[in-house]
Amino acid sequence: MKRRVHIGVIGAGTCNEATYELAMALGREIASCGWILICGGLGGVMEASCRGCSERGGTTVGILPGLEKEAANPWVTIPIPTGLGEGRNVLVVRASDVLVAVSGGYGTLSEIALALKTGKPVIGIDTWKDIEGIKYVQSPSEAIETARTLVG
Amino acid sequence: MKRRVHIGVIGAGTCNEATYELAMALGREIASCGWILICGGLGGVMEASCRGCSERGGTTVGILPGLEKEAANPWVTIPIPTGLGEGRNVLVVRASDVLVAVSGGYGTLSEIALALKTGKPVIGIDTWKDIEGIKYVQSPSEAIETARTLVG
Amino acid sequence: MKRRVHIGVIGAGTCNEATYELAMALGREIASCGWILICGGLGGVMEASCRGCSERGGTTVGILPGLEKEAANPWVTIPIPTGLGEGRNVLVVRASDVLVAVSGGYGTLSEIALALKTGKPVIGIDTWKDIEGIKYVQSPSEAIETARTLVG
Amino acid sequence: MKRRVHIGVIGAGTCNEATYELAMALGREIASCGWILICGGLGGVMEASCRGCSERGGTTVGILPGLEKEAANPWVTIPIPTGLGEGRNVLVVRASDVLVAVSGGYGTLSEIALALKTGKPVIGIDTWKDIEGIKYVQSPSEAIETARTLVG
């Protein structure tokens, strides 16, 4: 059975407007591909990408740090409360075939590192610089194009 | 924001035909409620309940022990590979608001116990006997009726 | 390299005096064997067994649900905070070669079930009744004798 | 009750001789402080630091990715098999009050990031460069001196 691609979107829980727009555009592209969007389920980049994706009819999974599914942002279709705190970052990586990092802080860096450690491709837009292994791109559409060549 | 009910279906990875039919009927009832079905994603009771649910257009989440989403049964809509082995049982419980145990072995017993430990209601059909705290019922429809009074 | 036996002691976080005495006696026996005692690190049976063991110079590991090592009872030699809540029960089982259940509630039942699911022997004293697979014994010394035949 | 300091040592599972010597020296310093050394339990930097520490009578904990305690290097006093794979990195961080990164690859980077995300101090020797938040030092003794001012 052929499964749909799972694409992780990782990035900070708060972000500025330009990053929010960029992440929304990324979410819209993901919906167009028919892929499932995996993320940490909270605000900022996670919220924006879920919003773009779900507004286009896509499916979004939010793997939450806490125990309450109500903590998910409103554009998460499937909230998965884990109670693992930052430990859930491991699950975001494991549930994804490929990841796109958009901006982001230490949590995002931990996900980038876990993904690269376990051989999952990581695409970066305006994120942690000079990490060997990240495929840096300039735009959501370039991110999707790159992802498609890697796992499509 | 009001979230849909998450109902966990727990039970053994292999089962006889009668149990399979029963779990399929349970899955169909879950789809009728518009609830999300959470399970361990593999065969037996997990497969049967997913099958019943997805054949009626419902959504099913399979929280898998391994790292490959292809291990999910074909009726899992959203496979979540975790790489945690039996440790994923904790996540099945945490992702659910209420759980229904159908038959089952030690893995199911661990989920029953974790759910009761953390105050989540557990409904049982033809499962581990004489566990204080399980609400024992006789049929899928009675299970759903009971679940509805608990979390609906 | 031959490693020392790891024996898990599982049981409720609060207990009556008779159970406390019994668990202390079990801890003393474990110290005499030179084995490492693994437990959940909190009160009741966990505390009593750690106390008996450490008072005889034994080593005790407390795998804690929270993030603070100060939550461990005073007789834990090595506290391991996990932040996993009840999810740490999985780790208590995985860190042990054999487990002894003393009395106990749902948390203990989850550990019994996880151990039996993964093929680890479980010895029971005055604990959950009629669970197929538990080797029921009457005393700490009988528990140790049984453990020795299984993993010694 | 005052607990001993837990110091995490993180670094790659294979390393050159100079790094091995450096990590051994770090382990010896940790033993001198009477602190508990926490690590991932395998080779390279983990092995060298455990070796230095245990040869001076210190206690070393190896939080292992697999299910077998025999996978620990011979200088691990307390092996803790977890079966979580790279997910055990989260536990190495949570079990530590302060961490020292020595050289290292993506796994080490994930631990650095998780530690900084959760507010734990990270001291770095010859490791990932230019990560804001790491306190970079030049030698094991400087690392210990820095750790002492942070958590001693």
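When the chains are written out, they are named A, B, C and D in that same order, and each has its own residue count from 1.
By definition in this document, a residue touches a chain if its C-beta (ideal position, glycine included) is under 8 Å from a C-beta of that chain, and two chains touch if they have at least 3 such contacts.
This one's a predicted model, so the numbers in the text were calculated from it and none came from an experiment.
> Where centres are the averaged C-alpha coordinates, which chain has the largest centre distance to subunit B?
D
> Could you classify the subunit B-subunit C contact as same or different, where same means more than half of all interface residue numbers appear on both copies?
Interface between subunit B and subunit C is built from largely the same residues.
> Roughly how far is subunit C from subunit D, centre to centre by C-alpha average, rounded to an integer in Å?
Inter-chain centre distance comes to 27 Å.
> Distance from the CA centroid of subunit B to that of subunit D, rounded to the nearest Å?
Computed from C-alpha means, the inter-chain centre distance equals 40 Å.
> Among the residues of subunit D, which are close enough to touch at least two other chains?
83-85, 87, 90 - these are the residues of subunit D that touch more than one other chain.
> Within their complex, state which residues of subunit D touch subunit C.
Those residues of subunit D that touch subunit C are 1, 3, 6, 36, 59, 61, 63, 67, 69-70, 72, 74, 78-83, 90-91, 94-95.
> Mind listing the subunit C positions that touch subunit A in their complex?
Spelled out, the residues of subunit C in touch with subunit A are 83-85, 87.
> Provide the residue numbers of subunit A that touch subunit D in the complex, in ascending order.
84-87, 89-90, 105-107, 109-110, 112-114, 116-118, 130-131, 133
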